[in-house]
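Sharing a structure with you now.
Chain IDs A, B, C, D and E follow the sequence of writing; residue 1 opens each chain.
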Amino acid sequence: MYEQIAFYLFSVLTVTLFLITVMSKNVLYAMTSLAAGMVLISGFFFILGADFLGVVQLIVYVGAVMALYSFAMMFFDATRNIKEKSTHPALVFGLGGMSALVLVMMFAAPLYSEKIQAFYPMHPEAGNAQDVGIVLFTKYLIPFEVAAVMLLVAMIAGIILAGKKMDVSFTQDLSVDDEIMKQKDAK
Amino acid sequence: MESLVYIALFAPFVSSLFAALFGMSPRKTFVGAIASLLLFVSLSASMMLAYHVYQTGESVHITMMDWIHMGDLYIPFGFNVDQVSVTMMNVVTLVSTVVHIYSIGYMDHDKSFNRFFSYLSAFVFSMMVLVMSDNFAGLFIGWEGVGVCSWLLIGFWYHKPDLTREENPSISPSWAANEAFIMNRIADLGMLIGLFIIYWNVGSLQYDAVFAAIPHLTDVILSTAAIALFIGAMGKSAQFPLHTWLTDAMEGPTPVSALIHAATMVTAGVFLVIRVHPLFSVTPEVSYFIAALGTFVAFFAASMALVNRDLKRIIAFSTLSQLGYMFAAAGLGAYWIALFHLAAHAFFKALLFLGAGNVMHAMHDELDIFKMGGLKKSMKATYIYMGLASLALAGIPPLAGFFSKDAIIETAFNEGTLILWVMLVVTAGMTAFYSFRQVFLTFEGDERYKEFGIHPHEMYKFVLVAMSPLAILAVIAGFFRESFNAFVTHLLPGYEMSEHTHHLALILGAIVFAFAVGGILLAYKKYAKGLKRSEKVENSFIYRLLANQYYIPNLYEEFISKPYAMISEMMWKGVDLKIVDTTVDGIAKFLYRSGDGTRKMQTGNLSNYLNWMAIGGVLLLVVAMISAMIG
Amino acid sequence: MDNILSVLVFFPAIAGMLGFVVNKDSARVYGITVAAIEFFLSLWLWFAFDGHNPGMQFVEMIPMIPDFGVSYYLGVDGISLFIILMTTLMTLIGIMSMSVTENVKNMVITLLFLEMTMVGVFVSLDAIIFYLFWELSLVPMLYIIGAWGGTLRVYAAIKFFLYTFMGSLIMLVGMLFVAYIYHDLTGVWSFALTDWYALVLPVNYQLWLFAAFFIGFAIKVPMFPFHTWLPYAHGQAPTIGSVILAAVLLKMGTYGFVRFSLPMFPDASVIAITPIAMISIIMIIYTAMVAYAQKDMKQVVAYSSVSHMGIIMLGIFAMNAEGIGGSVFQMLSHGIVSGALFMLVGVIYDRRHTKMMDEFGGLASIMPKYAVIFGIMLMASVGLPLTIGFVGEFLVLIGFYQVSPIMTILAGSSIILGAVYMLSVYKKSFFGPVTKDENKTLKDLDIKETVSLVPLVLIVIWLGVYPKPILEPIDNSVKAMLSFMDEKAITQEAKDMIQVAKSTKEMK
Amino acid sequence: MIGLSHYLIVSALIFSIGLVGVLRRRNLLMLFFATEVMLNAVNIAFAAISHYYNDLTGQMFAFFVIAIAASEVAVGLGILIVLYKKQGSLDLDELTTMKG
Amino acid sequence: MLEPIKVSLESLNLITLAPMLIAIAGGLIILCIDLIKENLDKSLYVMLTVLVLFTDFISVMGLNVNERGFFDVMLIDGVSIISQLLIVAGSMLFIPLGLTSRRFHEYEYPEFFALFLFMIAGFQFMAASDNLILIFVGIETASLALYTLIALHNRSDSYEAAVKYFTMGALAAAFYAMGSAVIYALTGSVELYQVAEVLSSRLDEAGLMIAVFGSSVLLLSAFAFKLSLFPFHTWAPDVYQGATAPLAGYMSVVPKIAAFVVSIRLFGMYIELGVEWVRIIILVIAVLTMTLANIMALVQEDVKRMLAYSSISHAGFVVAALALDTTDGNTSIFLYYALFMFTNLGAFAMLWISRHKQRRFDDRYDNPYEKFAGLINIMPVGAVIMALFMLSLAGVPPFSVFWGKIYVMQAAVNAGYVWLAIVMGLNSAIAAYYYLKLVVYMFLKEPVKSVDVVYYNLSKPLMAIIGFATVATVTAIFYVQPLISYLYYMISASGY
């Protein structure tokens, strides 16, 4: 009962919030509702017993990602209302509705099967964090490390793309080459 | 004997090559002389061969080398000198020798003198191949060879421009040459088909093999083969409906007309029928058709000759008519008579043409007999020659024509084909009339040429001398009828008149004679005193019909040439460019245009790209759903 | 010299590669020398060739991709030998007579590469190697048409390339399918023709495969209605391009039919006789008519090529030694004659820069030598006996007569229609008075042109009079092929139709 | 009782909402929001399946999805920054120099 | 408290990780070098990268076939080995294209090379795993690096390209994640060998088909994006145009090989399980892709854009082989890309050497056809070489792509899809047009402008690369045999 109420509450709220994210003309509203929706999603995780995941969701999304977005928003000076040309609403909502319909039908199918054995079963007695830790650092150690590399890549990318060095472009600058030539001549 | 065969065959070839060496140089008389000499060599060899064949009664057969050997088809270059071919060889070489010598005089002023001899000798060579070959393929070589030489020689004065049909009925020499070649080609196709039929049913194209196989073949095969071969003969011998080229061929120099279009090449068709007599003699329907067609052409051509004003065309029509006679004889089974008439005709017709050539030479190439008259003063020898030849042609005894033509008419009677007989007899009368109409209009009466400021003069002496053998033969050839009969019937089936005919021979002869003399007299009455033209007659339907050759050339032009050109144009512009090519280009253009169309999906707008992606994904999902639901 | 074929194939290519170094001014001489050596090599091949052996000779076999069955597999028999000779000859003559003045070096190099591909096509006994040379031959030709051609050259070149390319890709699918079947039956991959010959395919497979190969070959031949690239290609190509195109490239299609379609699919070929004969007859008559309507001299020759190719096609599907042998001979004859005709048109084009017939008239009196040679070639083209043109045409028609007399009569109309358009060309350009002043000063054939044309004239006459040295090897190989087809054919109809050398006696 | 399907359907709905956002947004920043929504939707699905199968793999996947989302944000924003410096706008309708 | 897990080091089979670790370590080394000393010349980094990649290559060669490592996350089967070899070799060939005579922005960053190496590691992880999680992380690592590399070219076109690629990539990632979720829901696993097992037992359950199809479709959408299949291809032309020529050429080969490996594992699994529907859908997409891309390529004005469409079309070609799911088919995929790689390397390198910093021929394009007009007169050897590449791409024998093409077609024929082979044939014929168009411009047209140098960017290393590509393209016939037998052996050994 408690679970049901929570589920429906979270469902309605997330859907509404994400709708706002998607439909709002104001970046601020959109972002705020996105953040709120993400918080609520962590609620789902908690209901589902994925406590650690819920925490990560809160920290990474609501903490890191949203902070990034807000900094970006400030940089872009996008607090005012955004004018967007709307792409054929019929097409957009048709496609959205269609995909919702098909996905819902798909998920309404009897996917769940008793026969399926968990390969990495949970151990409720030990707690979610421990479970996750063990699997993550054994089975999924490699993806974990690769994710680290990925984050490194993202970091480097973020740094160099946003860096000052990008303000001048050698790509279209003919004089750069002349300098090289001069240097070579000097040698 | 083999070397004689080679000499007879290749002397003209050497002559042609020799003359060709000088083909592009200015006139050199010695070219003509050497060519004539070589032709004379060929004539001598032919005569010696004739003597040999006559003596031994055996034919000389040689196989020079292989020509085509593929699959089962084996064709050698083989030559066979037997009674028939040796006759032809003699006729051909004799007339050509005379014509060669004649041409030295006639072509005197022509800048292409050397070239002319080259062509002329080449023609003789082809003709020799034609008559001497021992197989159908060799015959066909000669057959086509003479066709090409004829094309070259008709178009000899190729530089003349095209005129309208009113100005010149044959438009231009080059036009006439092409016409002749193409018409012959039509017939040649028939001949080729004949060869194919024979090959696939006999397995060989050698005469002896084919003749030996004839008894084993069915009637249908024999008849189709005979018809196909005869179609070939029709083209070369200008039988209706492929006859129009012959009169147009008169655009060529006159010696050419004498040699090719009177004495030799046009008789190749008759020769073919005689050569292949074992085939024709077992296909009576085809033979009868040949006879009937021959008779018809004899009459038909003679009718056109009645009103023609062109000196050479009249002779050409008369050639046509005489060819009809020959076919009539051959068709009726009297092969030796046909061959005899062929030989006799060659002599007097060549003589006639050469005489006409003299006249032309004198008249500066004027050919309209209405513009001549009274030439006998300046050209006595020619008058005699032409008169003799015309008499022979008209069948006045004791000249050659009488013996040969009379025999044909008699044959028609003998075979009981009275209609043919009647037509032939009437034609004989017409022949006499138009021959003498021409002779009288040319040589007798008022001197109409003076209006045109022409000063006629007689031909060179040596030319006249050279013509004399023909004249002599035209006179005396008839007397050799029986020995000729005996000679050739070694090979050809004999033909004897029935008792009944034999009894009536005199009466029949008298009837023909009466017609002939009647014709001459009529001509004399009308034309000997000079030309009296009658508007009424000339405007009459029949006159115009005859003068325009029954409008057949016009018909051909309107219903064959022009539509062909039109359809060709349509095929090109309408079908080839508009349909076939446009389809091909259309496919290419369609692809290109659809490229222009589809590249529009690449708007450059990210939102659209995302839409496409979503459309793709969602569409696939929908398809997945539907197909999962269907099962 | 067992590897004479490899030498023949790669000698021109290597020479072409080295040709980059040769100075521009000497390029032509270099080209002539190389082509002459190549021609003598091919003569040597003929000399060493055993005319009585109907099978493949000088066979070379090096596996290239054994896992995929591709091998470098060369050989010649009586059928291909003379086409190779003609290829080398026409290339030599072509280079000799070449009137191109711009970029001569590029032209020479291109021609040498083209020669490699052409020889390669005719010596290959491996389908993939065959296909390789087949496709590769398009490239130099594309360049020749496109770089030295007339105003529409790019269009013509691309049309030529794409059209043939499209067809050959379909053919490639056919080849792959045959290889698949071969693999299915034997467990081995092989593209070697001699292996493929051993395959006995069910009739429906044969039909599909025949169709696939047909598209490839028919476009190349070109058969109606795939012929429209040809007039453009010829019309726009420089003389040398037309010469090679007409003389050799078109032969690849007909050669393909003889080499692939007939021996591999005897039953399908027999079934295809009637449709192909009908197309051939359409080709013969229709293109002869179209040729008659042309105003451009070169287009006449181009369309006449199509018409003659119709004859060749007809002969191939006669299914008897006369027809097929005749076709092979006709390929040579058409190669030489049409090549010469294109050269002749080129001669006048070089002088007047037009090929329109109404620009001329009376050339016979201004350029007599030219007129004579043109006349001889014209007569060979219309199939005059004792010229090369007659032998092939006669054999083809006589061969096909056995299949269908009516169709032979229709096809035989080529001797009439051919005369019609050819003589009308001759009349329009050579006869009549000289009307145009520009024409009055035209020079007759110069040394270069004479030297290149006279050998062709001699060959035309020599092979017309004495074709035996050529016919004999062809005959042997064709007979061997026929008896092999007969053995292999499944259906009785096909066996009946394929006539193995004893044809006429059976008819009796 | 709340079954697996319930969660999955919520996930599907949110996914579709995200998709709608991706389709209709012209502002790149807000478009990125929509992609975050989609990834979050998937996370719900993974967590739910994980829960019902009593299997941890789903949660693992969700972790990595979060990590990936975070990295994407970093790189995406980096690109947006250079773009904004150059163009002064985040409107994707202005990004149409390459087309056709 | 759970029991600590004891794992022996041997069972981890760490060697399977060696190649990727080498690449990552290489990237880190480059970063460190930059930290120690700034402003080193790009040639140092290029050569370091090549060296790292070479070591990587050797280590891949040292792998044994059919091993699993690290709790079965790593999968070293034949496919993964050959694909890694191709990926590394391809990267090794493309990266020296940075050694141009002119300076371009991205090569000024040592990070560029580090990112490049990380990207390769990402691809290698994609190829060497059948775990959807690792595949996902690998994809994203590689993609994020690639987006950055594109943007680093630093001009508005490249940002535009990067944004487009990035945004669509994000959507594709969402599709991928959703698809994986559905698979997980169906089977309770994200490891393909287990997925296949469970799925085969569940296939006959009622009402599940929609989910099976749905999962395949979602994954297909994601990989169709990666492989640039219609209608997910729209990014490709713009990104190719916006990226530098070396990167565009690289994108047309290497990421696709990685994506193909995953596709073979994924969709091969579906087809193997008897879900014919997937095969049909892939075939339809393949045919649409090759045809539409071809038609669009016909009308392009820019060579690079044309090549972009052409590589879309080639991808469609190869995807058809994927749908066959036979050993021949899978062999042909790698054979095709291996051979295609050389030609594309050459073609893009030719564009790269002719790159000028300003657009001198067209306002929109770097490489409009006009630029190459009359190249035979300006740069004859270059023109001939470029023509060779074009002919090779068109599938003219004996150049490299031809062998790939007939092998694909043969695979189609062998699998009974003759119609597919015919469609491929016809498409090749259409494609020939646009390749020829360039040949025509180079050989048959007069130069548009009298431009001093077209090969503005040429340098000795680039010449060497082009020479290598030319030789590899022309002499393909000689190495196709070992290539085929190796690929076939490897693929059949891994059971595909």
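What we mean here is this: a contact is a pair of C-beta atoms (placed from the backbone, for glycine too) under 8 Å apart; a residue touches a chain by one contact, two chains touch by 3 or more.
Everything numeric in this text was worked out from a predicted model, so none of it was measured.
K.L.:
If you apply the touch rule, which chains end up adjacent to both chain A and chain B?
P.N.:
In this structure, the chains that contact chain B and also chain A are D, E.
K.L.:
Going by the touch criterion stated earlier, list every chain that contacts chain C and also contacts chain D.
P.N.:
Chains that touch both chain C and chain D, as defined above, are B, E.
K.L.:
From the Cα centroids, identify the chain that ends up most central relative to all protein Cα atoms.
P.N.:
Of all chains shown, the one whose C-alpha centre lies nearest the global C-alpha mean is C.
K.L.:
Return the chain whose centre of C-alpha atoms lies at maximal distance from the corresponding centre of chain E.
P.N.:
The most remote chain is B.
K.L.:
So, comparing C-alpha centroids, which chain is the farthest one from chain C?
P.N.:
A
K.L.:
Averaged over CA atoms, how far is the centre of chain B from the centre of chain E? Could you give it in whole Å?
P.N.:
It comes to 78 Å between the two C-alpha centres.
K.L.:
Give, as an integer number of Å, the spacing between the C-alpha centres of chain D and chain A.
P.N.:
Distance between chain centres: 5 Å.
K.L.:
Indicate the whole-number Å distance between the mean C-alpha point of chain A and the mean C-alpha point of chain C.
P.N.:
Computed from C-alpha means, the inter-chain centre distance equals 68 Å.
K.L.:
With centres defined as the mean C-alpha position, give me the chain C-chain E separation in Å.
P.N.:
43
K.L.:
List, in ascending order, every residue of chain B touching at least 2 other chains.
P.N.:
Expected reply: 588, 599, 602, 604, 606-608, 610-611, 614-615, 617, 621, 624-625.
K.L.:
Listing for chain A: what residues touch at least two other chains?
P.N.:
87, 91-92, 95, 99, 102-103, 105-107, 111-112, 116, 118-119, 131, 139-140, 143, 147, 150, 153-154, 157, 160-161, 166 - these are the residues of chain A that touch more than one other chain.
K.L.:
Residues of chain C touching 2+ other chains?
P.N.:
Expected reply: 162.
K.L.:
Which two-chain combinations touch?
P.N.:
A-B, A-D, A-E, B-C, B-D, B-E, C-E, D-E
K.L.:
Going by the contact rule at the top, pick out the chain C residues touching chain B in the complex.
P.N.:
Within the complex, chain C contacts chain B at residues 159, 162-163, 224-225, 227-229, 231, 286, 289-290, 292-294, 320-322, 325-326, 329, 362, 364-365, 368-369, 372, 379, 382, 384-386, 390-391, 394-395, 397-399, 401-402, 405, 408-409, 412-413, 415-416, 419-420, 423-424, 427, 430-434, 465-468, 471-472, 474-475, 478-479, 499, 501-505, 507-508.
K.L.:
Okay, in this complex, where on chain A does chain B touch?
P.N.:
Counting only chain A, the residues touching chain B are 87, 91-92, 95, 98-99, 102-103, 105-106.
K.L.:
If you look only at chain E, which of its residues touch chain A in the complex?
P.N.:
Per the stated touch rule, the residues are 1-2, 5, 7, 17, 24, 31, 70-71, 73-74, 101-105, 108-109, 111, 114-115, 118-119, 121-122, 125, 131, 133-134, 137-138, 140-141, 144-145, 147-148, 151-155, 158, 178, 182, 185-189, 191, 194, 198, 201-202, 205-208, 210-211, 214, 357-358.
K.L.:
If we count contacts the way the header does, which residues on chain E are in touch with chain C in the complex?
P.N.:
376, 391, 394-398, 402-403, 406-407, 409-410, 413-414, 418, 421-422, 424-426, 428-429, 432-433, 436-437, 439-440, 443-445, 477-478, 480-481, 484-485, 488
K.L.:
Show me the residue ranges of chain E that touch chain D in the complex, using the header's touch definition.
P.N.:
Against chain D, the touching part of chain E is residues 132-133, 136-137, 140, 144, 147-148, 151, 154, 156-157, 159-164, 166-167, 170-171, 173-174, 177-178, 180-181, 184-185, 188-190, 237-238, 241-242, 299-301, 305, 364.
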